[in-house]
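Two complexes come next, and they have one chain in common, chain A, joined by chain B in the first and chain C in the second.
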Partner chain A sequence: MDFTFNEDQLLLQQATRDFLEGECTPEWVRASWESDTGRDPAFWKRLAEIGVPGLLVPEAHGGLGLDETDWVLLLEEVGRAALAEPVVATAVAAAALAELDDPAPAAEWLPRVAAGDARLAMGHAASPFVADAHVADRLLLPADGALHLLPQSAVSLEAQPSNDGSQRLYRATFAASSATRAADGARAAAILDAALDRGALACAAQALGVADRLISLAVEYAGQRQQFGVAIGSFQAVKHMLADVKVALEYARSHVYRASHSVARGERCRAVDVSMAKLAACEAATAAAKTSLQVHGAIGYTYEQDVHLWMKRAWSLDLAFGDPVFHRARLSSAVIDGALPAESFGYSPQGA
Partner chain B sequence: MDLRYTPEQEAFRKEARAWLEANAPASPLRSFDTREGFEEHRAWEARLHEAGWAMVPWPREYGGRGADLLEWLVFEEEYYRAGAPGRVNQNGIFLLGPTIMEYGTPEQKARFLPPMASSAEVWAQGWSEPNAGSDMANIQATAVRDGDDFVINGQKTWASRGAFAHWLFGLFRTDPESSRHHGLSFVLVPLDAPGVSVRPIQKLNGKAAFAEVFFDDARVSAENLLGPGGRGWNVAMATAGFERGLMLRSPARFQSTAARLVGLYRDAVRRGDPVSPGMRERVARCWMDAEAYCLNTYQTVSRLLAGGKIGDEASLNKIFWSELDVRMHELALELLGPRAELLPEAPAAGDVGGWLEGYLFALSGPIYAGTNQIQRNIIAERILGLPRK
Partner chain C sequence: MKIVVCLKQVPHSDARLDINGDGTWIQEDNLKFEINSYDTYALEEALRIKDAGEAEVVVVSIGPDRVTQALRTALGMGADRAVHVNDSAVEGSDALGIAKVLAAIVKAESPDLVVTGLMSDDGNFSAVPPMIAELCDMPSATSVLKVDGANGSLTVERELEGGAMEVVELPKPCLLAVQTGLNQVRYASLKGIMAAKKKPIDVKTAADLGVGDQVGAGAAKVRMEKVYQPPKGEGAELLEGSTDDVVGSLMNKVKELGLL
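What follows is the complex of A and B.
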């Protein structure tokens, strides 16, 4: 039993943070929001050099071969920087490719993902939209209980502009056939379930970084802005709002780290652990957004000020890979009805 | 990160479970806020101690089991699973004990820890005074050095179980010229010393659970000074870290409350009692939050085992567990409907009267161990770095 991260993991996180702090500045994020595709293949390539898209890709396919306990630390940094590249879409689809019975698609695409030469996207039942479909070289899409693997040219995409400028959503339609089918039946269902959990975990991990950034922005502002002759951060009403968000963030962190372990090891309680992580982290992030806005006052309500870059991320992460209604229902059905495995950590009640 | 128990930890769990299943009282003891209940609880503590389970993380020579903090968590999980009695000497074993372990001389350890582990001596915490609540640095009670003694004057208040306890640990001003955090010392005082008088105070539930303690030229040996003289504030803050951050409220306490809440909800639905639509998700959410507290504690313990210390983040814990406890009990009372106001002895209360008692106690959580407003100040100023003024 050891609930700490090792030095390598923390070094990887720090390296990612340093890189993104230098390169993925708020100005860069704004530029990506304004750009046509919102994505930059050259930047993607650079991300590959520091191992971002290849983190979960097995070493045999040229990746780092690490697991979700490493991944969440990196994603926290992606959230902190509000990076708008298809990191999650690609990783989730890549992991799904590796779970297909046919090893050929993984052998073809995973090395390219790890090298930063390919981007992927994946649909799942909890959302009618597919994120990052417009830049995906291959898409994994569900239809009638089966999973289909398609080149972008075989899919018709209808853009759905989002409130979060870094989010690129599409309604994807395609003609399913036996030629496009990559998995069906229980296999397809298991792959889709795993993708949903991996994606939801990734959103939760990013939400930690988003929340932390929103708190830092507010703390910094509250230390500078003066009213009534003092820094507004000296007012207890301001302090207590921020303290509440900090509590929410730190307890969400525990859920996220635990869920990363459950996903990495395919634990029985994976689904519930992920739902708890997603709910807690996104709640912390949306609360941090609201609080950060309030602490900034009117300046925070402008498009020029940076708060909204993270606020809108918080909102879109909350909806991606299962919205709160989905995850609360899943949690309740597990805890109350026993419809899914849910176990207390450590403690077990009499008779259990 | 590896969230699996080792075979040794599993074996430890098995051993604790077997002992507790065989030995935990079959029916609840009387409240330790009554004289009879207090003695029943002490008798239970003596049994725990005899079998070596009273304070598992302490060295054997002091009445412990030489276990580590992870095993302590496992023990607590089994303790709550068995529904074993509340710890009457919690201020001693969970707060003062670790402080003596850190600051005590070898003589003090040998003198105070074993009878603490067995509850032969039960401890009260004497920090608060009428004019030193949240503003603890405003402590006025004095302990003036006179030869080999301290002469103590002043008043402490709200000392939990002070009505029946044998000893009190407190902060006293040893430097009369000093003010605020300076010049305070951490002194251990026998409550039967001449010049000490104890006046019980009834709590919200009507029981004489805490006490005011008056000191009128009470003499205690200078050997009862814990840690450096005049630096009692720092010594006390180590205790506060344990109190807020780890030992006083182990996660299993809240996980077991959450499990009972889930059971209560299921029973209500099974019986066809009216439940409102949002309750289901609120119950599940309480369960989830109790898990968060547990996971967070495992993180803390892992960090401590790797050489870390408990710092200001203890304030995050204090807020989280105390407010979760209130939420869970409020929801339980809501589920009980008209039965929510029944005292445990009401014939119609059946086995649900404990929720009311639990609620009354939960309400004190955001007040004791430093109010939650004070914890929020600490988080804002010391963790987030917001300006003090």
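What follows is the complex of A and C.
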């Protein structure tokens, strides 16, 4: 079986990279930090024109109808560019809408998402503050074991502070009623589980791009900055630090790609694969942030230097859709407590 | 209206270039490639003509399997179909050999307009476009910076030396070799790339085009003798000190050399 990405998938990734390299520059990211909403509807529309918000939206609703194995490549580029638009919040909520028993909300909102005319947000117990709620046309929020679909006007939003200037978080409160209920019981739980795994996978994929960018910034700087008459990149101690985070990144990449396959196929080991990917990718990204900062030295601490744009993104991704403690606990439950049999990891013990 | 756009796939502008074993070209293994920057402007201009009215845009390229990616990208941007000359016999061709292959396609397609980039980022010869025009017996204009269409002819502005411009009118069919900055090149969309999967890529050999005996290293009159990194010059002087000191020293140097 060939697990490598095909030419079409790599072309999609390259097209996304070309667009974001040209349009989502560090100056653009800085400007978004300093704007009131941190988001730009015109830029969102341009993202829709190239197909970013509609990638997971079924073709019947005007999207590309692709799956998470394609999505992770695109999200890697989102992380590499430190794009702040609500790509993940909207995609996670859109996928959840498509999983509701009632097809009407999906029929109404998914074509708008694909066209760039709507943005969505979703809450989850593992990520209690709702990202991008302030620009969402519709919010999917959990309460009392049910999932509720609400217009923004029906939700009270309280802004929360974040280290990452790109991140806009809100405490969302609302009056739940039978009229707002979109799913309940086991159905709501299944949709929330899927949303958590999809969101955590998205964080992991973005973390790959963030780590790669941080390493690139450090390598470039190490080649320019001179000390004792030579570039600091020629010092073995600097080389080793950078090599270590590069190894961590490539190790994490395999986990993310495997998790994307598990999410796309709804594999039994989906939760474990996603938690492994989230932990490995965010560890690589936070390590890359620390190393990049150290390589840059004092100048890395300045606001004008670009390192912090990605460093703070690495930190915020580490906490979104389940922090490391949550994902380690989930792994422990599955692996040590035996919540999942060994076969679900693709392992068949001798003589079993 | 039919427009043929000639594309070349060249090493990515960020790629680290190493010279190959026999010192006659760069090492291409594991290198990342992209569409020649000049050719992206040519494609964009063709797509703008298409967007403004009825036109079929056919993209053409020569090279190994990897060239498919460049053609797929062009199809994703909006071209209608592609012709890929994938034939090892063409390897080692000089500019005339390449022009003969492209001219054979142009003759077969019989377009109203051929658009190419002014030159390639790797070869920088600027030789192929006028050769295609000559072989196809059609008028051409190089270094084109503006195109205006009329019924049976095109009015184009050409960039000359020293910032001067020249306005020429060409009857169709004709060939335009465009300069960079002619337009704002669009991005390939994900939707376009998905739609491009259904667009045809016609794979041909030099023999299919009737030029099998006119291409390749054996037919080339121009051969690459040597590719090398230019040696570091002895005359470079590094100016050191504060910004004011460096600016002052630089100004003195400029005056000493009589450049001001």
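Quick note on the criterion: the second predicted complex is superposed on the first by the 342 of 352 C-alpha atoms of A that agree within 3 Å, B and C clash if a C-alpha of one lies under 4 Å from a C-alpha of the other, contacts with A are read in each partner's own complex, and residues count from 1 in each chain.
Just so we're on the same page, contacts are C-beta pairs under 8 Å (C-beta built on N, C-alpha and C of every residue); 3 or more make two chains touch, one makes a residue touch a chain.
Keep in mind that what you see is a predicted model, and the values were worked out from it rather than measured.
Undergrad: Label the relationship between chain B and chain C on chain A in the superposed model as either fit or clash.
TA: fit
Undergrad: Thinking of the overlay built on chain A, is A:L12 touched by chain B (first), by chain C (second), by both, or by neither?
TA: Only chain C; A:L12 stays clear of chain B.
Undergrad: Please work out whether A:S344 is in contact with chain B alone, chain C alone, both, or neither, and reply first, second, both or neither.
TA: Once the two structures are laid over each other on A, A:S344 reaches chain B alone.
Undergrad: Between chain B and chain C, whom does A:E49 touch in the aligned arrangement: first, second, both, or neither?
TA: second
Undergrad: Going by the contact rule set out at the top, does A:Q224 touch chain B (first), chain C (second), both, or neither?
TA: neither
Undergrad: Going by the touch definition up top, name the partner, chain B or chain C, that contacts more of chain A.
TA: Counted on chain A, the partner with more touching residues turns out to be B.
Undergrad: In the overlay, answer first, second, both or neither for which of chain B and chain C A:S153 touches.
TA: After superposing on A, A:S153 lies clear of both chain B and chain C.
Undergrad: Touch check for A:S178: first (chain B), second (chain C), both, or neither?
TA: A:S178 sits against neither chain B nor chain C.
Undergrad: For the overlay on chain A, what angle lies at chain A between chain B and chain C, C-alpha centres, nearest 10°?
TA: 80
Undergrad: Quick check on the superposed pair: does A:G22 touch chain B, chain C, both, or neither? Answer first, second, both or neither.
TA: second
Undergrad: Using only CA atoms and the superposition described at the top, report the least gap between chain B and chain C in Å.
TA: 9
Undergrad: Name the residues of chain A shared by its contacts with chain B and its contacts with chain C.
TA: Overlap of chain B and chain C footprints on chain A: empty.
Undergrad: So in the complex, the part of chain B that touches chain A is made up of which residues?
TA: Of all residues in chain B, those touching chain A are 1-6, 9, 70, 73-74, 77, 80-83, 251-252, 255-256, 258-259, 262, 265-266, 280-281, 283-285, 287-296, 298-299, 301-303, 306, 313, 316, 319-320, 373, 375-377, 379-381, 383-389.
Undergrad: For chain A, which residues count as touching chain B in their complex?
TA: The touching residues are 1-6, 9, 69, 215, 219, 222-223, 230-231, 233-234, 236, 238-240, 242-244, 246-247, 250-255, 257-258, 260-261, 276, 279-280, 328, 331-332, 334-336, 342, 344-350.
Undergrad: Report the residues of chain C in contact with chain A in the complex, numbered from low to high.
TA: Within the complex, chain C contacts chain A at residues 68-69, 72-73, 76, 187-191, 193-194, 197.
Undergrad: Which of the residues in chain A end up touching chain C in this complex?
TA: 7-8, 10-12, 14-16, 18-19, 22, 49-52, 54-55, 64, 66, 74
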